[in-house]
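Paired with subunit B in one complex and with subunit C in the other, subunit A is shared by the two complexes that follow.
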Partner chain A sequence: MSEELFAQMRQAVIDGDPAAAAALAEQALASGVPPLDAIDNGFVPGLTYVGEQFGAGELFLPDMMLAARAMQKAVAVLEPEMQRQATERHVLGRVVLGTVKGDIHEIGKNLVGMMLATSGFEVHDLGVDVAPERFVEAAREHSADVVGVSALLTTTMAGQRTVIEQLEAAGLRPKCRVIVGGAPASSTWATEIGADGYSEDAIGAVALVRQLVGA
Partner chain B sequence: MRPRFELLEPALIDRVVDEALALLATPGVKVEEPEAIRVLTGAGATADGSRVRIPEPMVHRALDTVPRAFDLYTRSGRPSVRYGSGAVHFDPGSSGVAYLDPATLEARQSMAADLARITRVADALPAYDAVSTAIVCHDVPTEIGDLYRLLVCLANSDKPVVTGAFTPRGSGVMVDLLALDAGGRQALADRPRAVFDVCPSPPLTWSEFACRNIMDLGRAGVPAEMVSMPLAGVAAPVTLIGSIVQHAAECLAGIVLHQLAAPGAPIVWGGAPAIVDMRTGATPMGAIETAMIDGAYTAVGHRLGLPTHAYMGATDSKVVDAQAGLETGMTALVGALAGVDLISGPGMLDFLLAQSAEKLVVDAEAIGMAQRLLRGIGTPTETLATASFEAAGPEGRFLELPETRRLFKSEQFLPSPILDRQSRRAWLDAGGQDAFGRARGRVEELLASRPLPSVDAEVATGMVARVREAGAPFGLGKALPGVPAGFGGS
Partner chain C sequence: MNTASAAAAGVRPRLEVLSPAAIRRIHEATLEVIEKVGVRFPSEQALDIWAAHGATVDRATSIVKVPAHVIEAALRTAPPAYTLAARNPAQDLPLDGHHVGVGTDGCGIEVLDPWTLEVRRSTLADVADIARVGDALDQVDFHWVAVSAQDTDPATRTHEELLAVWRNSTKHVQTETVVTAPDARTAIEMAAVVAGGRGALRQRPVLSMMQCTISPLAHDGGPIEASLVAAEAGVPVGFMTMASCAFSGPATIAGSLIVGNAEVISAMALMQLAFPGSPVYYAAAQTAMDLRTGAYTGGGPEDFLFGAATNELADFYNVPLSMGAFATGDKRSGWQAGLENGLSAFMASVSGADMLLGVGLLHGSRIWSFEQMILDAEIASIVEAMLRGIPFDDEALALEAIAEVGPGGEYLTLPHTRKAMKGLWKATYLDRRTYGQWHDDPDKYHRDALERARSLIKNHRPEPLDPAVDRELVGLIERHRQAAMAS
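Let's turn to the complex of A and B:
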């Protein structure tokens, strides 16, 4: 019985159907399926499949985005029960993301956030035009394993260095790793400012974060 | 007859404008600058925080005062870019962060000397009607990056400059430099030498700096060029037509603000939109759909009677290869046929991240071909062919006819040796190089043969002094990279 429900959950995520995903989550609760089982055996396999197909060039960004939305909906339904049972979803790591101060570009950062979240990371996206102090605050608050700093402009990329300096001053380094991204960034730049990694695209960013946290 | 092509029927253009006007009313535009909000609400817009709703009559009033045409002038006062004249012009794409090293094919951080190189090559090639602040100079303090680039362009070329400011301070100094070059503020307003790109942020947002910038430029009488960049499917509707509507809404909002700040000031309906590649999230500038959005919004601009601009003639390839050639050529041709007044993009690789002097040289041939196409098929002889046959006699001695010698140069575009039309034997004898190899040689030839512009010594000294003054607090050293030795006493 659960097996069939899990298959439907997987399919709802693959279809990117938030309404169906939420309904299946309700059904799981009603029939006493433990929420963590629903997530790990039902919804996550759907995401994994979408991720694999995306990597293979068979599925596309909108498929990823809608799958992530469906997943979010399902988790939102299951969360109260998880809290009641005092169970927690296993996360691969905690990531704080944001675009540096003075820069309002977010498309690349959002893609990275979405792909990390769907890969099983807990992502705290601080948005755009984020002051270095906010990065530090959030890294501390969420015990971040990784802080991702995005910049699209050559005029704002220096802010990536500032974030690293302030994390250091706050004593959060080197435990908290820093990765940088954005059009003007490069591996050379990452090395120059003492970042732990750089990726040119969102897929690479996931691999990088996995490697940094040993997941 | 000039060949044209139509991407949108007139009725569809009307729908685009109608929906753009509807968007300006609901949800309105996000305006992130207090004075801009005051200017807009003072004229009839309503604001809820930074969300500003602009009613249709405000847009019509603004469109009534926008100049339909204006020119950018060379240093000697010759109109070179004639916005709104029907002619299509080209300039190198702007603000790359890397320069393609022709020897190693490495895209390294761009420096001021690279900008000087690009500028002098564009100055030497007749295909380019303007130069541009084509790259960011990493060897110059960031705080004066914008104004320093303008100095490099003014010191290395007589042509108009397509540029842009990074900060209000930069914009102020840049206008000072241009006024020095023109012989005063009034002379600059009468015969502008530069146009400044101003970028709204997709979707439907005018940032604090963009608002400040567009109002300041208008008030200084310096032409502004809006570079709206809907990214179809991510920061704009996925449909090409939806992105065209968004472009129109962003630009109409800009025009309203600009004309309220400075009625009658020149402004251009421009952009750098792109589709989004759904496999990677990349925004390909060489995609045909990107060019289609450009061509279509240009048609909307024409319909509104506005000067137009677009980012075309660029490639996403990392080197100057077959992909670079086909994407550049195809998009430049679409732009030319669409009648874009000024096309920026040549020289650009890798999603506008890298510039290449060699590509600029190759692209000049694509531009030559596109311009030839625009001249169309003429009828320079009284009969189309019969008189020629009569004159050539039964043996068909066309090559000996005076009309052949007289007309072949206007009938044909004569490419440079970049386009190989030799026999295989002659090509092998000349080294058997591909177009990129030939371009490397041609860049060196152009740099060696092109004289530096002659700039009045006092003017040059004034410009250098202004840049030194602006740069001193940020650590601008004694050396002025990219500025020719001796310029302004440097």
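Let's turn to the complex of A and C:
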């Protein structure tokens, strides 16, 4: 019975169908399937399959994003029950993300956030036009392992340095790592402002964060 | 490049990818999107203007929904043609549908150093060197600030960049990094000093501005307010959409054209509502996301089709177009750069772009290469020759020469040849040597291009600014710095 449900969950993620994924999560709760089992045996295998096919060049970034979104919907349905049972998904690390003050570009940052979330990280996305103090506050509040700072403009990228300086001033460094991204950033820029890492794209960002937290 | 006097009795090559019905459909769909879905303008000033002209304004989301007739009436006051003035009037660039002006690209963040050949962060000295080389190259008609002067104070960076270009070139300057109203006010004061006063600037805008939209369907507040400052001063301002298939626009070309068009025409309409008759232009650098990496590609068949289609939209709205071309994703000056820049420049030019952006950057407009700048200029010269079309006067028909040589024989030694061959294009950096010569020195043309740039950096002496003007510009920058520190 569970096996068939798990197969449907896997397929819902592969199809990138958030409504189906959420309905299957409800069904799991109604029939008493433990939420963690549903995630680990149902939804995650779908995501793993999509990831493998993506790696092989058979599926594309939008396929990955849709699968990730379906997975997120399902987890959101299961979360209250997980909390009630006092079970927790094992997270690889806690990440705070945002776009620097004065900059309202967000697609790239959202992509990184979703990829991290579906790779097993707890992601707190602060949105766009985020003041440096907000990054510090959120890093402290969530005990962030990594803070990701995005900027798209040559006129706003200096804000990445400010975030690092303020995290230093707040005494959160070097324990809390900082990564930077966005079109004007580069590895030389990351080095110059004392960031712990830079990635040119979202897939690289996941690998970078994994490496930084030793996952 | 001037393509007006071309093809005396021949036809200037012209390519169309949208039928009149298709253009009309895109226009109507765009109006519907602006009216029903809306466009975000996060600026109180912009929202006030929209509200005063009958748009539905949501102050919480900054989204405006504008009736179609308001947009259409506003666009009708945009001037169809005007001139981008240069410090040297002989270098003025008329945006009249008969000229394609090639600019430098922008705004890169790294430079392939012409002396060490290492990639490093860009500086103010690079901005000056690039302007100097651009001043010397016939194929470069105007400047963008090609790279960011990252060694300068961010508060006055855009103004120092502007001054560096004016000090090193007499050609027109278009900025893409003046993104707040205070920055725009200082930039325009500087331009007025160069032009010889506010009235003179309005007559001869030696500066124009370009602002990027935020796809999908949004603008940034600062850049919109900077644009309003420009429009009030009569400084031409354009809006560039980079809505990319499957990323910041729908996965289809038609859908992304509609999204991009809504962004651009809504911003142009806002300028016209605020300052009717102010010079505006359409700008676009649309592409398709790379489906595997999510990267901005800056090349590929979708790019080239966007280039042609956007020209037809700008013609429909009867405003000049600045088209992103030469935006190769290549990391070096290799085959991909030649292919992408050649096709994008050709497609945009042959469909009637007025401004082409721009030469010199690699890796999707991130890394400046002087070698690529020189090679892109050669691409521009090929495109220019094609746009001149096929001349058809008596000398071109060459009937006397044909009779003189007759069947058999050759044309090498004919006086007609010696005279008429001046019209044939001559390669500077294409490798047309023998195989043996190539084998002995395979990199000759890459080296030649780099050496040409090096020589211009060292030896080209542009017409300097009048010392009094220079001092005044430095003073304005200093005043801006102090105002920025005080606030």
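In this section, the second predicted complex is superposed on the first by the 215 of 215 C-alpha atoms of A that agree within 3 Å, B and C clash if a C-alpha of one lies under 4 Å from a C-alpha of the other, contacts with A are read in each partner's own complex, and residues count from 1 in each chain.
By our rule, a residue touches a chain if its C-beta (ideal position, glycine included) is under 8 Å from a C-beta of that chain, and two chains touch if they have at least 3 such contacts.
Given the structure is predicted, the values throughout are model-derived calculations rather than measurements.
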Touched partner set for A:F60, first subunit B, second subunit C, both or neither: both
Which of subunit B and subunit C A:A170 touches, first, second, both or neither: neither
Between subunit B and subunit C, more extensive residue contact with subunit A: C
Which superposed partner A:A215 touches (first subunit B, second subunit C, both, neither): neither
Partner chain(s) touched by A:E192 [first = subunit B, second = subunit C, both, neither]: second
First (subunit B), second (subunit C), both or neither touched by A:I107: both
Touched partner set for A:A131, first subunit B, second subunit C, both or neither: neither
Touched partner set for A:L36, first subunit B, second subunit C, both or neither: neither
Residues of subunit A at both interfaces, subunit B in one complex, subunit C in the other: 57, 60-62, 104, 107-108, 111, 154-155, 158, 183-184, 201-203
Subunit C residues touching subunit A - in the complex, by the definition given at the top: 42, 107, 109-110, 119-121, 148, 150, 154, 157-158, 177, 179, 214, 218, 220, 222, 246-248, 251, 289, 291-296, 364, 366
For the subunit A and subunit C complex, residues of the former touching the latter: 54, 57, 60-62, 102, 104-105, 107-108, 111, 153-155, 157-158, 183-184, 186, 188-189, 192, 201-203
Complex contacts: residues of subunit B adjacent to subunit A: 97, 136, 138, 142, 145, 166, 201, 207, 231, 233-235, 276, 278-282, 351, 353
Contact set on subunit A toward subunit B in their complex: 57, 60-62, 104, 107-108, 111, 154-155, 158, 183-184, 201-203
